[in-house]
Amino acid sequence: MSSVMGNNIKLSVFGESHGEAIGCVIDGFPAGVEIDFEKVNAQMQRRAPGKDKASTARRENDEPHILSGVLNGVTTGSPISMVIENTNTLSGDYSDLKAVPRPGHSDYPAYVKYGGNNDIRGGGHFSGRLTAPIVFAGALARQVLEEKGIIIGAHISRIGGVCDENFDKNNVSSELLKQLSVDPFATVSTDIETKMRAVIENARLKSDSVGGVIECAAIGLPAGLGGNMFDTVESRLSAALFGIPAVKGVQFGAGFDFAKMCGSEANDEYEIKNGEVSLLSNNNGGILGGITDGAPLVFSVAVKPTPSVSVPQKSVNLQTMENEVLTVRGRHDPCIVPRAVSVVEAVTAFVLLDIII
Amino acid sequence: MSSVMGNNIKLSVFGESHGEAIGCVIDGFPAGVEIDFEKVNAQMQRRAPGKDKASTARRENDEPHILSGVLNGVTTGSPISMVIENTNTLSGDYSDLKAVPRPGHSDYPAYVKYGGNNDIRGGGHFSGRLTAPIVFAGALARQVLEEKGIIIGAHISRIGGVCDENFDKNNVSSELLKQLSVDPFATVSTDIETKMRAVIENARLKSDSVGGVIECAAIGLPAGLGGNMFDTVESRLSAALFGIPAVKGVQFGAGFDFAKMCGSEANDEYEIKNGEVSLLSNNNGGILGGITDGAPLVFSVAVKPTPSVSVPQKSVNLQTMENEVLTVRGRHDPCIVPRAVSVVEAVTAFVLLDIII
Amino acid sequence: MSSVMGNNIKLSVFGESHGEAIGCVIDGFPAGVEIDFEKVNAQMQRRAPGKDKASTARRENDEPHILSGVLNGVTTGSPISMVIENTNTLSGDYSDLKAVPRPGHSDYPAYVKYGGNNDIRGGGHFSGRLTAPIVFAGALARQVLEEKGIIIGAHISRIGGVCDENFDKNNVSSELLKQLSVDPFATVSTDIETKMRAVIENARLKSDSVGGVIECAAIGLPAGLGGNMFDTVESRLSAALFGIPAVKGVQFGAGFDFAKMCGSEANDEYEIKNGEVSLLSNNNGGILGGITDGAPLVFSVAVKPTPSVSVPQKSVNLQTMENEVLTVRGRHDPCIVPRAVSVVEAVTAFVLLDIII
Amino acid sequence: MSSVMGNNIKLSVFGESHGEAIGCVIDGFPAGVEIDFEKVNAQMQRRAPGKDKASTARRENDEPHILSGVLNGVTTGSPISMVIENTNTLSGDYSDLKAVPRPGHSDYPAYVKYGGNNDIRGGGHFSGRLTAPIVFAGALARQVLEEKGIIIGAHISRIGGVCDENFDKNNVSSELLKQLSVDPFATVSTDIETKMRAVIENARLKSDSVGGVIECAAIGLPAGLGGNMFDTVESRLSAALFGIPAVKGVQFGAGFDFAKMCGSEANDEYEIKNGEVSLLSNNNGGILGGITDGAPLVFSVAVKPTPSVSVPQKSVNLQTMENEVLTVRGRHDPCIVPRAVSVVEAVTAFVLLDIII
């Protein structure tokens, strides 16, 4: 039972969507790192809601307030704790949901698991709002990685039927990743944003929502990283990525497309290039046997459509055990994929730092 | 760096493909369980190679020899240790591969990681042979789960372009799962096996290989299982599943197909059925917020084609740092998907027991 | 590198003595527990400084402010986070200690470990002040244990040369433990407090300090608790107890006195009493083979004298690498043993709940 | 529930005293280490029984047989597995103990914990025999440490009333430690062995047993090692040391003697010596705030007298729930302290390597 992750660095996330505050503790972060708070806040803002019609109308300041572990802007080596106040909470919206679980949300299994004691307002601890502390932790981790030449960036590779396909797994530049990693609507092809936004706006007008896929890459990783068998880069990244609400699939390199391939096309051949071992393709996403092979680390995650849709849905009353029809009200994202890009990058940064340290 | 998995029960896997023996230690397995060794051996045989043309010609007895933790057929509560001797190892096949990594295999990153000290013969510790101890551990776990009414079964849902589509995620019977779980070539549609075998035979004749997808289900799980955020059923299963060699993707329920859906079709609505909460669909694969919702647990894994193909491939010599062309010889599976079904089931059984205990 | 402990419940402690705040996150605490905040505050006050001449003159309110995990006084099942503001910090006292480590404190090894980036003021994260969040966590754990009939209490068994010897390891009543567990100066013999206070006052007048021993007991634990070998009750308690600043020894039952015994006197014999297995003595402190045997759990911890003494001591300047003589100023406990009693009880409560849950 | 220890390197111990074999798996041991098997066997022999009257008459070959992880005498980086056959087991000795627990042994709590399914013969998994795999693991760890200049050695500091007092905590030479670490009866004062042996022989003649204290030191550790709060060198060493059967106390430096000291004598002052920070005394045993301070690491453990004594003792029959008088027969150590020295060193080596790696 754990909102804690990491082996060498531990991230402990706390808070509930409509409680007093959310935050995290980062234990084991290296001492002596000068934090660039502008970069941290840029990532926080990238995730924050309320910026345009593609996201929820709820506005949050999401300003991280550090309580410990940083002295005069430099990490001290002791646990870094951070709190974000919840200021904009309209709890009234949720009062009638206590006994009637919203389809697609954690409401029903959480009710069973916690015996009805969990804070249902806004999804409580299961809310997407809890990704804010994760983005904070990732922003710190990223600064240490960048000093080691490791750059992380992700793009929206699909929303509904629209795909951003011009991402070459074996030819990833640091310029591209740096640009993606500050983009509020990160795509490789510049023309694809308009099409994707149209899909989202269409869902919003129908009071519906839409899912997508995020593809993430990291370059600068040396070959040979990752543990044996159950402690590989794939195992550790996937465990952390499934901790992001709404993620329902994780694949490395060609992933599920491997099923259609034969070995002779799937294998990534080698050549010597500038005196170093190089790969001629990157179907394996930079990972062989769970260990980095020096090619760019590339993986993608499936994000399901926001379950909060304002159409009538069949549900049940857990107290009377009778059928009910539920119409979810409140302010919701018609598509969380654009905001989730920063979260996927943050999780990746944290896990990679934990592996490297 | 860890071939160890589990929180409450710990599985520690050891051995190298062409070393003296492989095996495992299971720490924390409950005391007082009478082991049905016929069932254990049936699972071992299902995974074992050499049964037909679809798998490698290497024959192994794969007989588990128990050293501790079981007295008169009943578990004692102390660690269960098991050893399988490696009897049929033709190491000569691999001697020239020491410096020339096989594309698609772990050879190159393992060489870097272990400074060339790792046992390269047959893939060493990275060999698919190391799944034999996992199947053993899963066979033990499964017996405890079955006493609690939890049944696990998987089928080959795809090989190359051939799909086994008649699997209804929301209507999974224990009869079907029991039948699949002893099937050496597990499919739901009876006519699909011939087509899939044809694809595999076709690859074999070309000295090539082919990938696929395995879909796995578990029924009998109560709602409310799983921890918070990074310790959910999804996180724990995925971390363990990526420990299986050749697995490159994991998705729950609709997985990557969620990207094409809108929320109103993706959500699984509720109704009261026989006085209990029931779901009208199962797009979420029995998991909401990372916690079981009482619907069948359904997920699938992508399996890449065996990298050992006997066609010439570009590689490099890690000692001379010159390009070479490599033709891999030896006995290989043209498709490991059929044998991997038992491994996916075993990992699932072990993780679920670890969660439930 | 971890201020995190626990397997099933995880306690993550954060903060620095003179930073903005200290606090903790408790992850995995059971849902549905109604917290008795009066009891929590009573424990916080028992640990808090400034109550009399035996402790430091620094006064702290030590009021825990809960940010998440508790709704209307009842635990929700999601992480419980708590913050205590640091209000009374006279950092000026410490400014000259940056480069000159105080003997007996963590200053020097912390300087090396953190490259001089750690917050030196008041000992930073190494301060005894960080035991306040531990007492909070223990106070919560204790309430769950008490509902299960498990009672914990500790007494000062020694200060300098004065011992509180009337504690019968095999005959521990819940009345005694309950009384000790609210006592600000917990002793079994009523007359011993005066003598112990005299020893402390004597040290204070000399600007010196004095050490002691705390003996702790828990009753109501069933036989059979604890894991194998490295996960026994002894291993888990000792690892946590050494996390308390100034603890330098842990022994169970007769502990180091076993060295003087022969087996025939050391063994605790059995008899049937009221139809149940009972022990005739308790030299093993309720633990055999690392597992509870049904007798009271009894152990003791050695607490070293507070290193902050106001006599001149030899030290070095870590920047100039020259010898210096240091006189530590500031407000210090001449003896922390009385205040540490509540911390030992808290750690015990947390570990036992973690084992039982 | 875990016979597994370690963070970066994991040791998994298995086996039962009278089962087929005992052994261990070491996961995460570095690749490329050339193992000196003579040194390994020397440590195994030092622990092995049957050498003289001070230990049990049971003779065991204790020859470790390596199954994986070592190729041509060099570690491969994959898990090292090792098996020792149990050849000399006279199980008849224990048949009548099934229902009548031996006082001082784990029999009764193990019976409760495992529901009577545990292997009672020779103490099963709780047997001191299970320290053989620990010594093996420690012997491997020690070789890596020695290459880094870290030397470990321990001596018998007390048996009954006889103490070996000439051990200067602040002046420990590598010569002394090396000599102690191969000594089958390790003492600093040469004349003390005869006196200690007389105490043991006296116990043996009375069919009784005697306890003692082992003091262990490690030199060559840099300052700054160890994690925060619950992950310090003290926490990790103590947790592992309590995993050794019969250990009932652990203290660092002056340990319980700190209770009698005042701060001004307890503190270890600093001086610059040869341009480096040096300590003028070592009451803290080389650890401040849980972190190494550069002085020798010194701690001691209390070992209780072997509970197997051949005098009649009161016990109970767990099946009939009636009182019984038990006389334990079989071959037992009148004092296990001399043999336990190698085990304490081994645990120390393993934990230190796990911290440093």
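For reference, chains read A, B, C and D in written order, and residue numbers begin at 1 within each chain.
Note that in this section a residue touches a chain if its C-beta (ideal position, glycine included) is under 8 Å from a C-beta of that chain, and two chains touch if they have at least 3 such contacts.
None of these values were measured; they are calculated from a predicted model.
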Chain whose mean Cα position lies farthest from subunit C: B
Comparison of C-D and B-C by number of C-beta pairs in contact, larger one: C-D
Averaged-CA centre spacing for the pair subunit D and subunit C, given as whole angstrom: 27
Inter-chain centre distance, subunit B versus subunit D - centres from mean C-alpha coordinates, in Å: 39
Centroid distance [mean C-alpha coordinates] between subunit C and subunit B, Å: 46
Shared-contact residues (touching 2 or more other chains) in subunit C: 1-4, 13, 27-28, 78-79, 110, 113, 125, 227-228
Touching residues (chain side subunit C, partner subunit A) in the complex: 1-4, 8-10, 12-16, 19-23, 25, 27-28, 31-32, 66-69, 71, 74-81, 83, 110, 113-115, 117-119, 124-125
Residue numbers on subunit D that touch subunit A, as the complex places them: 7, 27-28, 78-79, 227-228
Residue ranges of subunit D in contact with subunit C within the complex: 1-5, 13, 101, 103-110, 112-113, 125-126, 130, 158-161, 203, 206, 208-213, 222-232, 234-236, 238-240, 242-243, 245, 247-264, 266-272, 275, 277, 280, 283-285, 288-294, 302-309, 311, 313-316, 318, 321-323
